[in-house]
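Each in structure tokens, the structures are laid out below.
Here chain A shows up in two complexes: once beside chain B, once beside chain C.
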Partner chain A sequence: MKNRNSAYIQFISMSFQTTFIYRYNVIFQVLGVLFQIYLLKTVWISVYLQKNNTSHMNLNTLICYLTLANLQTWLLTPTITDTLQQRIRTGDIALDIAKPVHFIGQLSSQQLGSTLSLLPFLFLAFPLALLVGGMQLPASLQSTILYIISLLLAYLITSFIGLLMGLISFWTFEITGIQFIYRFVNQLFSGALIPLWLFPPIIHTFANFLPFQAVAFLPVSIYLGQLQGIDLLYAFLIQLFWAMILYLLVQLVWHRAKHYVMVQGG
Partner chain B sequence: MAIIHIQNLIKEFRILKPNAGKFGLLHSLFRPEYMIRRAVNNISLDINEGEIIGYVGANGAGKSTTIKMLTGILQPTSGIIEVAGFDPWKQRRDNARNIGVVFGQRSHLWWDLPLIESFKLVARIYGISEFMYQRNLKYFTDLLDMESFINTPVRQLSLGQRMRGDLVAAMLYEPRILYLDEPTIGLDVFARERIRSFIEEVNRSTGLTVILTTHDLNDVERLCPRIIMIDQGSVIYDGLVATLKKNFTKKNMLVVHFEDEPANLQIPNAQLVRYQGKKVWLEYDPQIVSAASLISDVSQQYPIVDLSVTEPELEAVIREIYEERQNEK
Partner chain C sequence: MGLIWQGTGFVFIWIILNQFHSLAGWSLGDIAFLYGFRLLIHALNMLIFGIFQRVQALVRRGEFDIFLTRPMPVFLQVMTYQFPIAAFGDLASGVMIFVAANTQVNIDWSPLALLYLFIAVIGGCLVEASVKLAISSLSFRTLSTFYLVSLFDDTLSIAGNYPLTIYGSAVRFIFTFIIPVAFLAYFPVTVILHRTGELSISPYFAFLSPLVGSILFILAYLFFKLELTQYQSSGH
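Our next item is the complex of A and B:
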């Protein structure tokens, strides 16, 4: 058991190092996010100026929402999808499977390392995000703690989605189409561009059934103290539900993929 | 006691039947038809600890499929496999600690990071002690002369350096069996020789069992006393390379360099297979005529500058066997 843990730590460390080798790429990602936050802010300011404020959220809170939601969506973008797809394409996957460490464990620790490696960049980007966007303090100490828990659940959800997309390449080898759809759907239905309460009721209801709201909308709403009482409980239940469902799906698809590779020879 | 025991091993794949016709693609999408292809057909083998085996066969003969079943990443359709006491498929993780795997076209190494990081990962995956890691790392890197590039990112390494890296990654935890699939593919002569002498040295000093799959029969001739040939999923020869050569080839080659271009050369017991100016290639059967009498025969007709006798190379022998099998069909 100890051995296995130290293997996972080395996986985390190596993913961490890999990010720093491609640090310029990360810097461009951060610049992109900051630019997006700035654009969203200007668009929403002009919307607020044109219409008399009918929304139940004031402009500063909305800007804080957008800033946080976009930083968070960037931080939680799964990287394991590309890694997995490449290993499958080159056939290196056969060597990974032959190792005496659980394959999904290998992948999960790589994803963890990769997400952790973005934190230093996030700290650097934060002052700039304040400048181009805006920030408010969390509603209360309680909402800070709940926000962190909710963020961890959001991390689980995105990394499971990332794994699932990657596993699909066992059958298709190419998944850029799926990733394209994911990015679009995730941005829209996570509420990173438009807060979900501004959606028309039908689409809002639809969004409530999807896992994506658990990625940005729910955690940020908790941070801002917008969810209270039963709504708060409901938000956590949704996140937990999706985390569990996606976990089971990952296990199921991995089981199928393993069968496909090991019995059908890939 | 054999370290690898294979008995009546069969592997069948279900493959999609290609659907011809107007809407073939559409048809196979909705109503796919499958057929069974037998990649490994009733193979039985025993390999003893410390042997170096050359496992050869044409593309698609079933070599890689056998190796995949031995490493536990492919489930046999039927038959028995035992590798150092484990069933590789059912006890994949136990088996993994006993074996090292190097596939020439695949890599254990992390492309972006210094080579040493991949070695650390291997050490932790296989849970070896720091002492064993340092000792083996030093032993292997000295043997393969890797000091100068161990801190270089893998993507900057040459193919030969990367192959050495992969070999070390497969050997650090002291496996008892090493599977090598095309380890010298795409390498220059020096790199090949380095890898061959590494395998030889490790086998000699640690009693490592090596299963070598390759198209480069020079690898086999240099390293393996015993060769197993397969064709269409079945073993067609299992025995010593020397015996194979003796039994399957009747013919040696005499290459003669004359002073002048010979006209009208008469040699009753040999066949003129090629000639190029003053140089002539004669094929003869050593059981019918000796090299000595052949040479005296030739030298009586024309003055000779130089000559050489060559025994057939393994490659020629194997080509001959496959051609014979083709003709039988």
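Our next item is the complex of A and C:
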């Protein structure tokens, strides 16, 4: 038991360090996110000034929403998809599977290390995010705690989606098309660009059936105290639902992939 | 990667304008036209000058040196090195979107207007090319400019899709005189849509965008040649 845990920690640590080798890549990503926050804020201020009603939230809350949602979406971007696809393509994946450590556990550890490694960059970027966007304190202590739980659930959901996309590489090496669609749909339906209630009704309904709102919209709404009572409960149920479904899917797909690999003689 | 933002960017604006009906006085049709115009320019740029973004990769792989041994100007060699077939796809979609957007606005396409459109597209193409050429030229001295180019690319494409009036005056200044995003599409489009009244600078600037584009391109070309003399091969 102790050996297995130290193995996982090794994976987390290795993955964590790898990010710093590609630190310029991350820095430019962060700059991109900051610019996106700035642009979204600018466009939203511009339209808000025109219309006289204030819809659900006032401008400052909206800006906080956009800042937090975009930073969060970036933080939760799954990196394991590319890692996994590379390993499968080079065939090194056979070595990984042969290791005496549970395969999905390895991947999860790598993803965790990767996500954790983004935190230093996030802390450094935070003052800049305050400059180009804006932040507010959480609505209450309760909101803070609930937000952290919601964030963890969101992390699970994006990780599982990332794993699933990566596992598909066992069947088809070219997953760039799927990743393309994922990035597009995730950007839009996570609520990072537009809070979900401002979607046209049809699109809003459609968005409710997708897991992406759990990535940014639900957690950030909880942070801002926008969801209370039954809505709050509902939000957590949605997140739990997706986390469980995706977890089961990951197990299922991996099970099939294992058989597929053996058939290939790998 | 830039193309993803093109897609979500427009959906984003469409959803917003669905609710709020105008952005800085621009209707959805106006924005669509600006969008289509910019896409057209981008596609054309990719077709003709797209290869220059690969200079960085060529330098890193040591493949660039061979250009220096041939008796043809390096600039021309790079330009004809590979023909980006994929760019035709971009061009096709750019044209389609531009034509579709055209149905949303009322423009009197007189011969003069068409001529200006033609010149403005070329001018915008030169503006975009000059920025990318200048950045790519940096790879002659410092090897890694890939992420910088991507960042600039994305910033330009995103920022250029909106009327400049939404930005504060400091940012407007930056996007006009430091990173010439405004000259790429926004200024020419204000001329075509007869919106030059909303500009905070003289309409002549807007009208002469193609000229600005040409000047910028010549400057970028000179920079390219200058950096080339400083070229240190990655060694092989």
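Following the convention adopted for this analysis, the second predicted complex is superposed on the first by the 262 of 266 C-alpha atoms of A that agree within 3 Å, B and C clash if a C-alpha of one lies under 4 Å from a C-alpha of the other, contacts with A are read in each partner's own complex, and residues count from 1 in each chain.
Operating definition for what follows: contacts are C-beta pairs under 8 Å (C-beta built on N, C-alpha and C of every residue); 3 or more make two chains touch, one makes a residue touch a chain.
If you're wondering where the values come from, they're calculated on a predicted model, not measured in any experiment.
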item: Combined model on chain A: chain C and chain B, fit or clash; value: fit
item: Which of chain B and chain C A:L188 touches, first, second, both or neither; value: second
item: Partner chain in contact with A:R23 - chain B first, chain C second, else both or neither; value: neither
item: First (chain B), second (chain C), both or neither touched by A:Q36; value: second
item: First (chain B), second (chain C), both or neither touched by A:R89; value: neither
item: Computed vertex angle (chain A) for partners chain B and chain C, CA, steps of 10°; value: 90
item: Touched partner set for A:P100, first chain B, second chain C, both or neither; value: first
item: First (chain B), second (chain C), both or neither touched by A:M14; value: first
item: Chain B versus chain C as contact partner of A:Q50, first or second or both or neither; value: second
item: Superposed arrangement (fit on chain A Cα atoms) - minimum chain B/chain C Cα distance in Å; value: 15
item: Of all residues in chain A, those that touch chain B in their complex; value: 2-4, 6-7, 9-11, 14, 17-18, 21-22, 90-92, 94-95, 97-101, 261-265
item: Partner chain A, residues of chain C touching it in the complex; value: 4, 7-8, 11-13, 15-16, 18-20, 22-24, 144, 147-148, 150-151, 154-155, 158-159, 162, 166-168, 171
item: Chain B - residues contacting chain A, complex; value: 13-14, 39, 65, 68, 71-75, 89, 92-94, 96-97, 101, 103, 105-108, 110, 112-113, 117, 120-121, 124-127, 153
item: Touching residues (chain side chain A, partner chain C) in the complex; value: 24-25, 28, 31-32, 35-36, 39, 42-47, 50-51, 180, 183-184, 187-188, 193-194, 198-200, 203
